[in-house]
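Okay, here's the structure, questions in a sec.
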Amino acid sequence: MSNIMNHNGAAMLAMMGKECVTIGSDLTFNTGMQHQGRVFKVFPVTDKILLGLTGLFSDCQTFYQNVMYEVKLLQLKEGREIQPQHFGVLVAHMLYEKRFGPYFIEPLIAGLDEDNKPYIANTDTIGCLTEPDDFLVCGTAAEKILGPAESFWEEDLEAEELFEATAQALLAGIDRDSSSGWGSVVYTLTPQKMVTRFLRNRQD
Amino acid sequence: MSDGAYSYSLTTFSPSGKLLQIEHALEAVNHGNSSLGIKATNGVVLAAAKKLAPLVDETSIERISNITHNVGAVFSGLSPDFRVILKKARKNAEKYRLKFGEEPSAKVVATYIGSLMQEYTQAGGVRPMGCSVLVAGFDHKHHVGELYQIDPSGSFWSWKATAIGQDSLTTKAFLEKRFRADMEIDDAIHTAILTVKETYDGVLTENGIDIAIVGERQTGQGDSAKVTPIEFKRLSVEEIKAYMAENE
Amino acid sequence: MSASVAPPLPGRHSYKVEGTNINFAHGTTCLAFRCNGFAIAAADSRSTQGETIASQAVTKLIKINDYIISTMAGSAADCQYWSRYVGSESQLFELRNKRRMTVAGASKFYSNILIQYKGRDLSVGSMIVGYDDFGADLFYIDNDGQRVRGDIFACGSGSTFALSVLDQEFRPDLTEDEAVELARKSIYHATHRDSGTGGQINVIVINEKGTNWVVKQDNFELFHKYINDPSPYPLQ
């Protein structure tokens, strides 16, 4: 709790399925050991890219604004939407620009590209990009979600199954982390639509 | 004050609303070696005449240059000025790739060169660029070629086919007659050679012309049809020689 | 005693092995208060190791005997062992003296042990709550040797939240039912707001008939009872 990365608390998980991705997050906003309220930690970038931000929430908000500046500028200049793969590089690039005075955030990216190929990625605070093809965890509950996620995830899950795996892994992880919880939300992204679902959570 | 007085200060409009230094820069372009670009169905062709003193080693002269793997440019006018543009455009393209993880499109490159040229018409202590540039690229996603012209004023626009430099009016008129919307890269190369030949003093050899292409090549028919991208590349002297032989 | 074996000096030698204690001091909420004719002890059930929840089902209300409860904060092992020790001493006291040990007596005895071990890294913060011949009584003791009598105590990371609720409605003339509800509500709000507090809410009433465990409820069960607007977002 003395660590600035854990000050606000978060649990986040992204999973990759067959032409779909999910991203799940808790809602709590802590200051140290106090639950202050609920906030959304997953932000829309385009219709098909979501950006989850864990770490110091004020840095999350600032970083989101800065990254959207770049995304919108690209939209205006080139008349096209940024693709998830390129968004990943952009995020990594922007974080490394602050290598010696970093944002205290760990971002998680989930999206579908123009061919509806699923993409998930995350970086550390200074922009080391990892692009796995299964799932990713983030936040104070990261280690606690990792185990359940490992056992629930399978290759080529359909959207509904993927949602179920994400939700179960997230809830299991949150219940072992004192710094996250207070409700959670899972976004399921398919080529047709994005579905937002809130989960029943312990409230302690 | 005579009109001539305005022509020395770069940032002063003449009473007739012109920036005369820019017009002079365009004059420098019109004295340069001629260059042309042609959009084909499956790519873009750039060509440039190399009119040199007899003892110059032609093989050392590159009129056409790569900016990225898929975007290249040719110029007419002052070659040292183009080298500055090329250096900055290449750097900018690398910066873009570093930031977004992909290469910029020809449009992005052309926009950048346009901004650069404009800056040199307004900034202090500089003069306008003495060259016009043709930028060629290929959009592999939508399978369309891109061809842009940028002038020393900074204005830029897109062509199906165009020419800049010496005799550009004649050359453009020739292209208007020769251009076909259904030309493929090979046809466009032949047209390019014919067009350069049209205004070339003396006998045009494979050493007197620079040619580059970018686009894609389709092989096979029906189900076995395959599209292979062609990166922006200058043709070798041998390749040019072969094309010229076909033209005979 | 051999002269060559000197006892370790306080502060110079530590018996504490890092990481071996499950430390409740930072994450817990315990409260106790007394009214006319009875006393209440209440606590949550969460145990944390750092930010990780080690257990959601820990018993932090320890019976010293049928009439005295000690609440647990600090090192679980220290609290459990010495509460048990005081319990067995209170049993011996009863056999020897044909009367129950008073709450004051038990807490004084406990406190004396803690004073003996002062400076040797025992970690105990406890409310001793009970009912004796003089009525309901309540003491707070800790490993510094402090021992204070009072009407209301709360300790642990969530104690501020619990006290906020408790102070609003506390009166010495509360009925048992009112007092139990107040204790439950106080602990519940601590579980809700404090990340170190959670799991179940436990409440024990101690009166002339002895100790009576009256509440053992999960936080989530009470969430719907106490929070009118549970969440601005629809729950699945």
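So that you can tell them apart, the chains are marked A, B and C in the order they are listed, and the count of residues begins at 1 in each.
The criterion applied here is as follows: a contact is a pair of C-beta atoms (placed from the backbone, for glycine too) under 8 Å apart; a residue touches a chain by one contact, two chains touch by 3 or more.
Quick caveat, the model's predicted, so the values are computed rather than measured.
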Set of chains adjacent to chain A and to chain C: none
Closest chain to global C-alpha mean, per-chain Cα centroids: A
Computed distance of Cα centres, chain C from chain A, in Å: 40
Interchain centroid distance [CA atoms averaged], chain A/chain B, Å: 45
Chain centre separation in whole Å, for chain C relative to chain B (CA means): 83
Multi-chain contact residues (two or more partners), chain C: none
Where chain A touches two or more other chains, by residue: none
Two or more partner chains touched - positions in chain B: none
Residues on chain A engaged by chain B in the complex (per definition of touch): 70, 74, 77-78, 82, 85-86, 88-90, 93, 114
Residues on chain C engaged by chain A in the complex (per definition of touch): 26-27, 44, 46, 48, 51-53, 56, 157, 191-199, 219-220, 223, 227, 230-236
Complex interface listing, chain B residues touching chain A: 98-102, 105, 107-108, 111, 141
Sites on chain A touched by chain C in the complex: 1, 6, 9, 27, 30, 33-35, 38, 140, 144, 175-179, 183, 185, 197-200, 202-204
